[in-house]
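Single-structure report; data block below.
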């Protein structure tokens, strides 16, 4: 038996792995941080023998409620990820699985590797619709990528989309892949029409360092980027610093920040009702956006979500709030589940990479519906 | 130089083809009918030499206005079909093209072959969601295929979709391919939700004989199937006879009949305002269906289309009218252009196979929006 | 229940098909000919019920021994073709099969459709290495295709390959597909080297009319093309007439004519030992060709095959003999089995499309080995 | 402008990168070692501007002659890698390139990433022919993978293949991918036949740590694994230790160790003429192996290569020699070029990933030719 996490976005510490019935594991903390919840490892076990893997520090992770009703993901081929029996007793997360092949991967959610990220960027770059902009280096020396889609022009609306500030929320980059696939499809009518009057600015991965390191929530030095939008610094949060600077140069008419939520088994939008500038215009646009999405997909709903901020009480260090206020624009945090969409559950796979990508494509329909009204 | 149409859905008569500057062609009539407009042939020419192909009986074809502002399609690889310079002087359609390779295909619209049709049926059949039903033989001895999608159940709504009554309207089967691709995608939320409460009955090709024969509008014996829905017969219109019989067995809550229109450069829906049973319920559903489609894609519009029938004046031999009246249900004829969508023109490709397929997928969003209200 | 063969290369007559336990079928004769053996049809049956299909004229077909130890092919998706239980009692061929899906295709061997043929030609044409030449029309008005691969040059050797004179031997075109795939692969070393010093002239399908018609052995008017090479005529055998004329223009240094053999469960080469010009040079080349193939693949063998012609006793109406004599060149008829390679049997699939294609690629290794010696 | 190598197998130090005409770079040494030559980095530059990148420590790299007549590889999409203008003056390697897109990757040879490695292993594992064996951990905590292909049985010959002891020789793993693709193809005759009488033991990557780290020649602690086969240790060379232990358990009848050679523009085999046990049997087998390869591909040759060891003078710390002596078996080091095959040059791509893979497939033909004689 052998367990390793020494690969892209790997995260596990092996406490004990001699006996298949008694494997003890712990999730590593994000570097310079107390956050942890993301795991990703490979097990070499005995085919046909049940392996009981106990993650004994699950109860003190960032979101202990995230383990309730949660099932871990497993894969043999690293492409099809299925749910496996998982229990949580308040302290320990126990995954019990009988492998059918010699090695099997486990993860908190379907990983989106840095290799795939680079392939995505280079693929997009090749489109004549895209300009690939280097924003600046991360603290680990990686490159922050911005994709500018459509011919920039002052008269056009600027639509910004960022994803994966929290690197363990890998569904956010699957979402972007689905959205880009549609946006760059030159036979998709809505995409073509959108690009006549809008320019998209997409940052597929706000936190490459955290992604490669197998972090849940922070960058290379333990910063939660989604609390840095009031005053980002090159020392602690260069990722936000560069993006905000680029936003200042282009302006923003609509902003979507793509996330995953550990607890709620639903897709939902968190709006900016609490920012000082929020007004009826914002509210009407937000409503139209949500109504369109509601009309076309059961993957979206408005019943469950975060509590709505009271007027003026928004946390302005959070990306969507900060951007909404700074540019007086419609902005949302979009949250997808780690678990499943309880309105349309899938026992075998739960919420998945493909469903995330489909939602990314479908969200363009909502963007299409509001785009002409964004500056009204 | 050589021109042949001896292949699936081929249609051309060569009058003269010795001189590249003076090629005369004529379109063959549908068997036992005067309709003609569909053409599909292959040219072996001189690479680098302009070939002027004159279809001299274009002016007397079924829809002479169809040739105005029309550009013919060409392909080297039979996958990418692009538009080539085409002129119509009221009598003759002239295609002038300089081939870059030794052989090149030309067609009225992107062909959808009978081989591909069979592949589509067999592919769909493999889904655990699908039952493949043989409806009966055509007059040429081909098999009429019905795909039943979803677990039949009396409480569920029955949604019927038929395509290509007029075999030359090949975009109708591309549309079906796009719709089926989405409907059988087990990670598409709207499709999964739809199949919980609805059963789809899809006939991807109502007229296989006409399709293989290279007809525009009729079946093997020259019958225009879309005028047979009042009293179909096994002698003249078995295709309609079998489908209507199957509809009687299942009932119908929504019916879409997919077509192409030779003249109008738009996608549009023709409703059943003229059928006796048409009422406010129908109208409200029709409105909701159109509004959803309008909201999500610029490929649809409601400004241009057929004149709306006056109350009680519908032609009840036409499929959508006949079915709407017989089952008191929402029904539409959906029309796609042979030319382009003038609201979102594409100079290189015009209206295409992929755009037809995308519309087929998008229409499911409109079905999703109205499905719960169909029996209200 | 319904059985139809009304599609590309379909062939069956239904005598009786009411009762799954007692289905009687007959194979249709080639047009204007007594040959028959190829069958290809689709059954709509009852899932889970055994269907006993008796082909009652099998005993008088062209090669009754071909039915011994033979298993018919079946497919649900028209891509994967597997063997099904088949018996022959000297008179009747009985296929007994319990379908797992509503419709299933049966065939004598994996069909190679005319649509696929056209795709193959157009795909090859796009290569900068290929010139696509129209040779002349068939009697049904189809086009005879010649692919010239490599830059023609007098100093280069001319290698001719023809396939499917006998249209029911569809493995011959799968072989060509494999060979072309390798020959046009610009990173395959042997292919690149071969094209420096040789030009290939490939006719992927010598008999398109017979192929579409579902014939075993003859063209549209019942001519066995492989007995026409002494004096082909435009009336009876234009296919051979055009190819021989083209050969006269280019010369021939090596000729391979690709076939299937109904009886022998082996791949083998039939040489031209009986042609007047046959000499030691021919023999040495033939030996080297065979030795190379023997060395690299167990799919080839030299133990079983046709009896070798005595000196001077070759039938000079047969393609390989005629061409060998006319051009004083190495020539072979290459035969593949309908059944299996008994030296390497595969119970599930028998001899297959992919194995035919692999042999087509492997034969290039043998060509590579002899190419430099062809004019010695 | 920005240059980064912070990704899988990245290697470059940026000395100066402000001015496109004067970019200075240096290759990093392998950890705890003086070896260096592998580079792999990404440039964000100005589209349309020539970038002159000078690697100023090239002259003191492990194989300065490797830079002569060498052209660096570049890629936009990380799939197609093409050669770019490169000069070497004895000290500095200068790559001058005008990017057509915003970011472009450069590498010493086509990279084979650790993600792809993991995909390869998991893909192979799924075959019913394969057992995936964990051999032991590397010093960085990665897993050493062994693929056992075919049903083990004492009577069968054991064929061992290892690749990429030197991690910068990435062509070695492309070679393995091609070989495995063929070996696991259940319709490839030679592969099927081979697996009836032989078992393959394949280690696709002997040095995963060095590969990820962007090393040229050594593992995580600077050990040249191909000098460790006399006495491997868990401290310095666990990779060799585990493989040799596994070889001792199975025995070895044929061993191929796959490498790249920095200097020679040819593919060649280095035999074990200098090992004490070398005898006529070895020599005859070696000859047959080479003759088969020579006969079928111009990518192999025997004119250029390493000097042959004199009897008894072999370096027994080298894998092929050590294994040949220990198991009295045929063994080769197979070398592929970083540059090109000068016998069949390709100006645009040089020696490539696909050509490496094809050679891996072709080598199986040589194995097939000798396999039955290995124990004679």
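Think of it as A, B, C and D in the order they're written, each chain with its own count starting at 1.
In the analysis below, a residue touches a chain if its C-beta (ideal position, glycine included) is under 8 Å from a C-beta of that chain, and two chains touch if they have at least 3 such contacts.
From a predicted model like this one, the values you see are computed outputs, not experimental measurements.
Visitor: Computing the C-alpha centre of each chain, which chain sits at the greatest distance from chain A?
Guide: It is C.
Visitor: Compute the distance, rounded to whole Å, between the mean C-alpha positions of chain A and chain B.
Guide: The computed centroid separation for chain A versus chain B comes out at 41 Å.
Visitor: Between chain A and chain D, what is the gap in Å from one C-alpha centre to the other?
Guide: So the centroids are 37 Å from each other.
Visitor: What whole-number Å value describes the gap between the mean CA coordinates of chain A and chain C?
Guide: 55
Visitor: Among all residues of chain A, which ones touch two or more of the remaining chains?
Guide: As it turns out, chain A has no residue touching two or more other chains.
Visitor: Who touches whom among the chains?
Guide: Touching chain pairs, listed by label, come out as A-B, A-D, B-C, C-D.
Visitor: Which of the residues in chain A come into contact with chain D in the complex?
Guide: Where chain A meets chain D, its residues are 2, 4, 6-8, 42, 44, 76-78, 101-103, 105, 113-116, 118-119, 121-123, 125-126, 131-134, 137, 140-143.
Visitor: So in the complex, which bits of chain B are touching chain A?
Guide: 187-190, 192-193, 292, 295-299, 341, 344, 346, 349, 352, 354-355, 358-359, 365, 368-369
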